[in-house]
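Next come two complexes built around subunit A: one with subunit B, the other with subunit C.
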Partner chain A sequence: MTVAVRSTRRAAPRKPSTQSMWRRELARGKSVLIGVIAAVVLVIIWYLLTLPGGLIQPLFLPPPQGVATQFITMLSEPYLGSTLWGHAIASLGVVLEAWALGGIIGIPLGIAVAWWKRARWIVWPLFQLIRPVPPLAWIPLAIVWLGIGDVARVAVVFVAALVPWVMNSIEAVRSIDPLLVSAARTLGASEPQILMRVVVRTGLPTILAGARIALGNAWTTLVAAEMLAATAGLGFVALNASRVLDLDTLLVAMGTIGILGAALSILISSAAQWIAPWAED
Partner chain B sequence: MNTTVIKTGAPMREADMNDATPKMEIRGVSKTYTTRKSETYALETTDLSIGTGEFVTIVGPSGCGKSTLMMIAAGLEEPSTGEILVDGSPAGPAGPKRSVVFQRFALFPSETVAQNIGFGLSVAHVSKVERTERIKEQLTLMGLEQFRNSYPKELSGGMQQRVAIARALIVRPEILLMDEPFAALDAQTRTVMQEEVSRLHRRMQSTVFFITHSVEEAVYLADRVVVMSKRPGRIKKEISIPHDAPWRTGDIEDAMTYGDFNELRKEIWDLVREEITTH
Partner chain C sequence: MTQIKSASSTRNRSVRVASQPFVYGAVTLLCVLAAWFLATDVLHLVGSSFLPSPVTVIATLFGLTVQPFAGATLMGHLGLSLARWALGVGAGILLGVLLGIVLAWLPPVRAAVTPIFEVLRYIPPFAWVPIAVLWLGASMSAQALVVFIAAFPPCVINTQLGVSTVDPILTNAARTLGAPPMTILRRVVVPVAAPSIFTGARIAVSNGWMALVGAELIVGKEGLGFLIAQGQFNGDVAMIFVGIIVIGIVGTLIDFLIARAEVWTLPWKTDSK
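Let's look at the complex of A and B:
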């Protein structure tokens, strides 16, 4: 047996060459740079348009420096009961709660529907009926049943988050290569072991993609829900500011909603990379 | 035993070959696929015995039902008639007694090389100490040490198939089933892998049931070549290869320089060709 000797001439694992990695880094740097320049240009145009005696009245669009000042003020001074931090935390709390709840219920539900025919027969028609109802259409019902507290908002946001959790969990199971299941079976794996170790684990990247969509859905729905029924939160701030034509505050709220939404998306993408490093890019 | 020609080999081996109970017996197995509209007769009633330590290759035209036979032998498909026996008893559902190496590797993408190899042990709750030890042994045997923490997608086809073979061997199967394992590899890698499997078989005295569409591969690896007819598949002829055939120590390229090898290859190829050209 000369296997050990042979191994020395075997090729090293394929790694992206240093050169191509450089190029990718450079490309990424370039795209970030372009994005920053575009944002700066936009702010400059905004500034020029809103100069005293400029094209746009501050009543419709306040100057950028006014919004920036208001942003800094709101970080420390309460507005409608709490600081910007407080409102952001209120919004994030509801979103994360509803999103996590969606996952806890949606993942097993999706897997069950895809794996067991009986579960599919019971759940699928009902799910298909509920799915096309826009999450915001649940708000009136949620207010009647649960009032205007956090629970009502969590419920509405939960509905919005649940659908992608379920759909992607189903897809994760359905897209499994049957040969992997056969291989596991010939190696002595039981049905529960096949389900957990092969099917779910292999499908994890798809489930994580669902998690990201669910979080995006949850965030947008929350802001809408807060506009209709809330006592705190970024959507609530935005709505109240618009009612008194306080456009500085309105823009601060909108900007914060945008930034936090983008941050959540980036956060969950990195988490997915960390949880499932084997996933195809 | 259906074997007719057994040339003298190592004494121990001959004792094995003459053992009354074959390692695996395919007894009266046939397969008909029934759909709503039609019935497809995939495999005629087939009987085949594989002795302990024997390397049996099946060669036949594509679509002849050899893969069906393999799936049934592995317990992954139910035969329409007949049964599979291992050591004289019904083999039951698929399991580690009959581990399989597939053409498309079928490695678990979410697991590292070491985790893939250890799969069969961890689902059987083998202790961590023993598992680590046996994984290490396989990594060494297959020359995979440096890849232990790589994911399958980071490996070349040949390396992936090495992992699949290690994963199938670690559970110490009674019989190793290989379903065209090298068909997806490039020619050079295939030659190297054929030689390694041949060497592995001689060293470990494992029982192997190997499907291929390559006549050279069938002759080079086998103790016995089984030629199948076109669909519905049946065993057309069995040809024993001398155990002390001189080409066993070299690779397949060397084997082609032997007159005996080429004669056998020609004989078997003619049998296969009849199945491809006749209608």
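Let's look at the complex of A and C:
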């Protein structure tokens, strides 16, 4: 996570080629078919292994139909205070609040640090002091200082989201073609004009990539924060279900965390596409 | 500091004195330290149960190195954490690179595995903590499993990316010259894909360290994460600080070492930062 800027690379598209053994591509339909079959086979194996008297005890891995039933039950019946919807909304609320706060503070901070030398000299050492510590390590301190309410969780998730926001804002300013800045200055643009009209616009795709990483980090960190200090939320449900050996509920919580994480990731990617369609990614 | 030089050079400002950034940095850090010291020890603005003085933190740090806490000294906890981390990251890199090569090499396997992998990847490592504990007990292996889950995906993704970007001309040339597939893999594909694999390993190493801290915080009977969790339960803020400081230093060291290892093993990779 600390090298988050790099991980934006992994989405680079593969160029289709039929030439080499390394690049052989299956037809798209065939590829989808194999994927679906593999998933179905996996669920069937899971079902067979967890049959009563099967190889795996339900205390180790519950049967798929048990998890599915529990999922449907939890949609309408409260578990630990609220339904699955309620817990999901509690988790999403904290994540979005902390993520937005990270952007509101992180973008100006990153641009300032990259643009003004003195800001950089003052902020950078402090930032470097905080950055290597995993955001999770702040959880106990946040609990001692802020209690186990929403504020502590927002603070910890905020720290997790802030780093990619700042790093990518810095990168956005750094990667601007000096020619553009010089041209704007030659044409008489003032410093704030250059910032708003040249720097922010050219750097937007990089900043949006930071937004995506920040959201992923925030979601990951929130799950851990909810296991340590919460009275609602999906991480809270997962840990409490495991304490009473309720594996059906635990798997429902894990699955919901995964689905919501994927949904957030897809949403922000499409939003980025919509805001900055000229981005390469 | 040098990383962001290009931004300032675009501005054609006057020549900088090389030592200036360090002076600013040092002054900033000293100011923070002085403010911390003043607020706690001199002016007593905040209680020690809220923010202990730097002196207390240093004393706690040294105290922990000689006096065992919960069965181990600071070094003992550090060693246990590092062992769990190394186990999980090692397994993650080994299996991740293997799976990455297989996925890039065999399209049918890729078609079968990728959807399942992509679905599971969205479950954060910490969500696996409760089930890892139920499966393996709150011992070394549960923590290592969580580290593994954090370290595995970046290795798979980056290896696959690296292998799939190997120029077909290279593999075709090797095949034309009579090299069997395993030789092509070892002599052509792996060297070309190595920088990408290393990037994956770097992400795996720092993700793994983060996952370890989280796993030890949530469940555990020893380790650095356990130390800060105990600090919280006992209201011992100085111990939380000691834990955070050690975790930060070790994390930085690990990252630095793997960056050096990258330069040392892959001298042909020119853009290594």
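Definition applied: the second predicted complex is superposed on the first by the 242 of 281 C-alpha atoms of A that agree within 3 Å, B and C clash if a C-alpha of one lies under 4 Å from a C-alpha of the other, contacts with A are read in each partner's own complex, and residues count from 1 in each chain.
One rule holds for everything that comes next: contacts are C-beta pairs under 8 Å (C-beta built on N, C-alpha and C of every residue); 3 or more make two chains touch, one makes a residue touch a chain.
From a predicted model like this one, the values you see are computed outputs, not experimental measurements.
Visitor: Just subunit B (first), just subunit C (second), both, or neither: which does A:187 touch?
Guide: The answer is first: A:187 touches subunit B but not subunit C.
Visitor: Once the shared chain is lined up, is A:278 touching subunit B (first), subunit C (second), both, or neither of them?
Guide: Once the two structures are laid over each other on A, A:278 reaches subunit B alone.
Visitor: Which partner does A:198 contact after superposing on A: first (subunit B), second (subunit C), both, neither?
Guide: first
Visitor: Look at the residues of subunit A and decide whether subunit B or subunit C touches more of them.
Guide: Touched residues of subunit A are more numerous for C.
Visitor: Could you look at A:38 and tell me whether it touches subunit B, subunit C, both or neither (first, second, both, neither)?
Guide: Touch partner of A:38: subunit C, not subunit B.
Visitor: After superposition on the shared chain, which partner residues are touched by A:210: those of subunit B (first), subunit C (second), both, or neither?
Guide: A:210: touches no partner chain.
Visitor: Under the contact definition given at the top, report the residues of subunit A touching subunit B in one complex and subunit C in the other.
Guide: 1, 3, 6-7, 10, 12, 14, 182
Visitor: With touch defined as at the start, can you tell me which subunit A residues reach subunit B in the complex?
Guide: 1, 3-4, 6-7, 10-15, 177, 179-180, 182-190, 193, 197-198, 201-202, 204, 276-278, 280
Visitor: Would you tell me which residues of subunit C are touching subunit A in their complex?
Guide: 1, 4, 6-13, 16, 20-21, 24-26, 28-29, 32, 50, 104-105, 107-108, 110-116, 119-120, 122-131, 133-135, 154, 157-158, 161, 163-166, 168, 171-172, 175, 181, 189, 199, 202-203, 206-207, 209-210, 213-214, 217-218, 225, 228-229, 231-232, 235, 237, 240-241, 243-244, 247-249, 251-252, 255
Visitor: Touching residues of subunit B toward subunit A in the complex: what are they?
Guide: 74-76, 93-96, 98-100, 102, 104, 106-111, 119-120, 123-124, 140-143, 145-147, 150-156, 159, 167-168, 171, 177, 192, 196, 199, 203
Visitor: Could you list, by residue number, the parts of subunit A that touch subunit C in their complex?
Guide: 1-3, 6-7, 9-10, 12, 14, 17, 19-26, 30-32, 34-39, 42, 59-60, 113-115, 117-118, 120-122, 124-126, 129, 132-141, 143-145, 170, 173-174, 176, 178, 181-182, 219-220, 223-224, 227-228, 235, 238-239, 241-243, 245, 247, 250-251, 253-255, 257-259, 261-262, 265
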